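Next come two complexes built around chain A: one with chain B, the other with chain C.
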Partner chain A sequence: MPKRFDQARPFLTLGLVVAAWLIVPTVIKTFTRASFFELTAPVSVAASYARDLKEYWSLRLRSNSELIEAGRDLARLNASYDLAVQQNVEMQGEIARLEAILRLPSYTGYRSEHARVVRRDFSGWWQRLTIRKGKNFNFTVGSPVVFSGGVVGRVSEVFAYTATVDLISSQTVRLAAVVEGDIRPMSYQGGLNPTFGSAGGVIEFVPLDIFASANATKRLVTSGLGGVFPPGLTIGSVIKVEPSTDGLFKSGEVKLDDRLAALTEVTVLVPLESY
Partner chain B sequence: MASDDRTLADRSGKLFESQKGYDPRVVFFYFITTGLLLLLGGGLAYQQLLRGDLYHDRERAQNQRRILVPGPRGNIYDRHGELLVGNRPRFAVVLYLDELRSHFRTEFIRIRKNYRETGDQELPTAEQLWTLARVSVVQSYLEQINAILGRDLKVDAGRLNKHFARDLLLPYPLIEDLPPADYARLIERLPVVSPLQLYTTNTRDYPHASTASQTLGFVGINEDVESNNLSGSDLTTFKMRGSIGRDGLELKFDPLLQGEAGGSIFRVDPLGYRLRDTKAVETLLPVQGKNLVTSIDLDLQLTAEQAIGDQVGSAVAIDVRTGEVLVLASKPDYDLSKFAPRLNHADAADITARGAWTNLAISGAFPPGSTFKILTSIAGMRAGVIDPAEPLDHCQGSIRIGNRTFVCNNDRGRHGEILLPGAIAQSCDIYYFAAGRLLTQDRLAAEGRRFHLHERTGIELPHETRRMIMPDSDYKERVFGEKWFPGDTANASIGQGYVLVSPLQMACFAASVARNEVHTPPTLVHRPNAPTLKTESIGLTPAQRSALVEGMVLTITEGTAKALNIDQFKIPGVRLAGKTGTAQKTVTKDGKTGTINLAWFICFAPADNPEIAMAVMLEGDTIGEEFGGGRNAGPVAATVLKKYFENKNRPADQKITPFKVE
Partner chain C sequence: MLRFSLIFLSTLLLWAVTAQLNHALAPWRLYVFVGALAVTLPALTFPLKTGLLASFFGGLLFDAVAPVSFGTHALLFALTHAVVFNFRDRVPRDDTLSRVVIALFANLGLFLIFSFTQVARSPAPASLWPRLFADLACSQICLALIAPWFFAIQARALALLADDTHRYA
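== the complex of A and B ==
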């Protein structure tokens, strides 16, 4: 065999593989991709457990006094949370009573499912998270994902033991939002975010009488009208609005919570009817 | 052959062959080749350099399409910045058909295959199959919407085909005018990247429904949106529907209110589908039209319309100083919100049946009745036939003019010897019959023309009537071929007979008298620093002017408008000067012909330093009914004036801040 041909063989092989991949039916490609993800998922999950173990051992190295102090803080936090839970129960009862009087349709009920973050998608890590629960916890595509600071995003793919979450900084996530204290819905969508920069989004169809600036921000929350997210969850802060040239609406920018970049645990709200 | 052999023989035995350099026959081909190359090069140069632009234009025309989107119209405000007409968004869910080419083709193949497999002998034509495929694909997208919104909508095949054929690049609306809740659901549930998208258009918004409806006017559909700023006027262009003023201020100020259209230019394939994953070649955002700040005072307008109520008539109020129209009310009117997005046939028929299209303030021409006596008084004083200090005649309740007997219609009594102020206050017809006889019709008509009562006021509204008449003595001969009689002059002197004016003209006349001038050009445009009008003086002596104003004040305090002299209408510290009038109009109602009364009232206030002038005209609705200026029209004017002075005297912290629009 000529030497020149031997040298070209790798390229030829690559070309053949690429050509073969191009003509493979979409079903097979999808299956291959899903299978690959399922096969590699245990590795990611194992790595996640290893990280948890590492954190556990790092905590074990703390002194007893530190642990006691942390335990006290935790006890206080738990007490305050217990109080908040009780108040919430009372408020929910009051809301239910008022809704019944006004004959308002009830919002979708959710089951909260906490999940550890396995990894972030580094090709655009503001955009996607992989979490350590999936079909085994009856997660469904589209389920809202939240954390203590508000909205995280929506479940975009569900696998056997993992699920992928599109963050609200992603351009593929769109929500019906309202400015706190207002009832007129507007459209929130993730923006074009730099990989390691602060995350943001854009709002459109903002009524003309809403004003906000970097010095006088407005809290943007979920409207609850879209039927996916419960109302009142924080999306971010409106830092800029400006009228569009057509004079009908304003559009603006939203600054998202910086903690989105460092989430280790999120809560998936599983709609009760899908459970 | 022998020659070839020889040549070969000559060359044999040499170490190298030699070629003959320049064979004449070869040179000939050089020329031919060079010529052909030059021809080719020239042709290429010709095509590239000289015809390049042509081919470029053809390529553009074939591969590019232009979409025009109209800009929203400007807003219309009242003088204090209250929004009279704005825009409201209309949310729609649309489908971009030009992104579904492969879907249509796949569906076409599937349907054709199904037909073939069923062995159906009557296979639809290709065009029918394409229609089925399009409907099927669009319905599949519509089902997504149905599932989210809980609806059961079906695709209209005819509408879809029409849109496909004419407006392929424009979004195809699946549902229009979505309520906010549905719009919010679709925001969250529709995929972000999809041919199915949420779309906003706009339509006119009328926060005050029927208020000043005929003055504000309405808009219609504009199929021919144009843009001077987006290039590609030579390209095939798809136009979104815009709006164009059809009546009122919307029509008159259409060039100002009309927004600047924006749009995009896209590349398309030979079948006209937009090329996927390509950005627009050019994009221009639409720009909202300019805002219009009118002279209308919303509060006064609402007050006037409320005071007129269900009656037929009109009320006009004018700023004496500037001629700005504060109120231009006409009843019956129509609800402008029914025009957005478009008026249906039933509502249009209802407006027609009620006669509500007509703006009576500017389009109606009516005999002014006794309000015209102010003009007769002025003409008489200027001509020297009326001396305010001397009685003109002895009112015995009737007078013989020519071969006709004219009676005094006011108070049905005898006013005796009466001076000008009393004649105005009591509206004594006999006094004015006598004045007219002495004055002559030509001098009366000339005075009317001096006050511009014979022509349009020039207000910035369409359809102002041309039917106003200020007849001179040859008018009857000219129009009817009949002789002018002294009785015709008598009728004209009290604002009856052939005299016709519009309520707006009478309001302008009142404003002119208030300023002691002869002309008040009205305007509906508010100019915060408008100068005071300055036109020709009426030309009365101070004594004559004083007598005229005194007569108009007495009208309110003890004359024909004394009904206004009650607490309900009194304005503390403000003296009102006015004149009532009652004219007749022949109508046929329920098969019965007769006359109905037209109740008039003109006025200005304060009498000593006038700020606002008004004219009110109401039509009685029953033949033979007692319906008069003092009793019916006066209260409307008094209510508006009271509101005007209440607002003016309101503490500074409660006043509406005048609005500024760039």
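== the complex of A and C ==
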């Protein structure tokens, strides 16, 4: 075999592999991808159960007095939540009455499903979570995911008993948002994730009369447009706005909640019609 | 086939270890990518077809858990394999230190090429590079630390199949 051909042999073989891969039907690729994911899922899930067990044993070391204090604090919290639930029921009744009178379309109903975080995958390229529930709990792609601080992200893939969530800090997430107290929508996109710093995103199409700075932040919330996220959920704080190059709008930066990076449990809002 | 399976299982182990490491590093917004480790030993010691397939399927494992077109990692791993295979007769490849150095260069190339494929999706690509360089530095340090252990595991596993331990060790 000529020496020159022998040197090119690895690249010719590579070319054949690339060509073969390009003609593989999408169905087979999709099936293979799901198979490979399910192959890795038990590893992540087992590790998350091991972490939960470790946490359980560390909690067992707490003294009785600490538990009594925690129980007392929890009882107070429950009392205030009971009151909030009563008010919520009253307000939902009021909304239903107004919708009936004005013949407005009703908001999408959601079922809340809590899920443990199995794996965090926060690279500069993407920001994702894997959670420990999936098709077995009727999760659907696109479902909003929230926590006590606001929006976490949305479900991007659903597997047999796990699901992946694209975080709002990920550049793959784009949604309509409004500044609290305003109704004009703007576009939010994640993607600013500095090392050792807070995650963030950018906003575009901000009306010219909205001002914000690091010292005078504005709360950015979901607009409800698009029908994926319910309105009013916190996205983050607008820390900077400046006129964009076209002069018609402003663009700016949003700082996200620092707790997003250390979440252990999230809530998936499963649309009721998909259930 | 058995050698291929062992390399694939070792890649699965590598993925599991780095996944747990990345889970722990997430609050500091650091990320470790050591994909080149899955390619280095097959490229340096295996026949072309077996090694290329092992690298390709290892890449598919990384693809399955990443939001990229299925096959992106696999094709990049296969490309890295072909490059390393091409010059393996011209570099020292029998001692661990040279394997680690080759893995470091391969990882550098993989990381940068992969970053270029992903950076266009960012709303602020310029602000992404400092983070990527920090991740790259972290990845290279981690790779240098775990590579001897990983190569030893691969060599021991392969030695179970054949009596030519010296070939991989």
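Things worth noting here:
Keep in mind that, in the parts below, the second predicted complex is superposed on the first by the 237 of 275 C-alpha atoms of A that agree within 3 Å, B and C clash if a C-alpha of one lies under 4 Å from a C-alpha of the other, contacts with A are read in each partner's own complex, and residues count from 1 in each chain.
Methods note: a residue touches a chain if its C-beta (ideal position, glycine included) is under 8 Å from a C-beta of that chain, and two chains touch if they have at least 3 such contacts.
Since this is a predicted model, take the numbers as computed values, not measurements.
In the superposition on chain A, contact is made by A:228 with chain B only, not with chain C.
Once the two complexes are overlaid on the shared chain, A:171 sits against chain B and chain C alike. Applying the stated contact rule after C-alpha superposition, one finds that A:33 touches chain C and leaves chain B untouched. Touch criterion met: A:249 reaches chain B, while chain C stays clear of it. In the superposition on chain A, contact is made by A:189 with both chain B and chain C.
Shared-chain residue A:119: touches chain C; no touch with chain B. Put simply, more of the residues of chain A are touched by C, taking chain B and chain C as the two choices. Once the two complexes are laid over each other on the shared chain, residue contacts for A:220 go to neither chain B nor chain C. Where the contact sets of chain A with chain B and with chain C meet, they give residues 171-172, 189. Taken together, the chain A residues at the contact with chain B in this complex read 142, 171-176, 184-185, 187, 189, 205, 223, 225-229, 244-249. Remark: chain B residues 71-72, 74-75, 87, 89, 180-181, 183-185, 187-190, 192-193, 198, 200, 202, 259, 262, 285-288 touch chain A in the complex.
Against chain A, in their complex, chain C makes its touches with residues 12, 15-16, 19-20, 22-23, 25-31, 33, 48-49, 52, 56, 60-61, 63-67, 70-71, 74-75, 78-79, 81-83, 85-86, 114-115, 118, 121-124, 127-128, 130-132, 134-135.
Per the touch definition, chain A reaches chain C in the complex via residues 7, 9-11, 13-14, 17-18, 21, 29-30, 32-37, 39-40, 43-44, 47, 119-126, 128, 130, 156, 164, 166, 171-172, 189, 191-197, 199, 201-202, 261-262.
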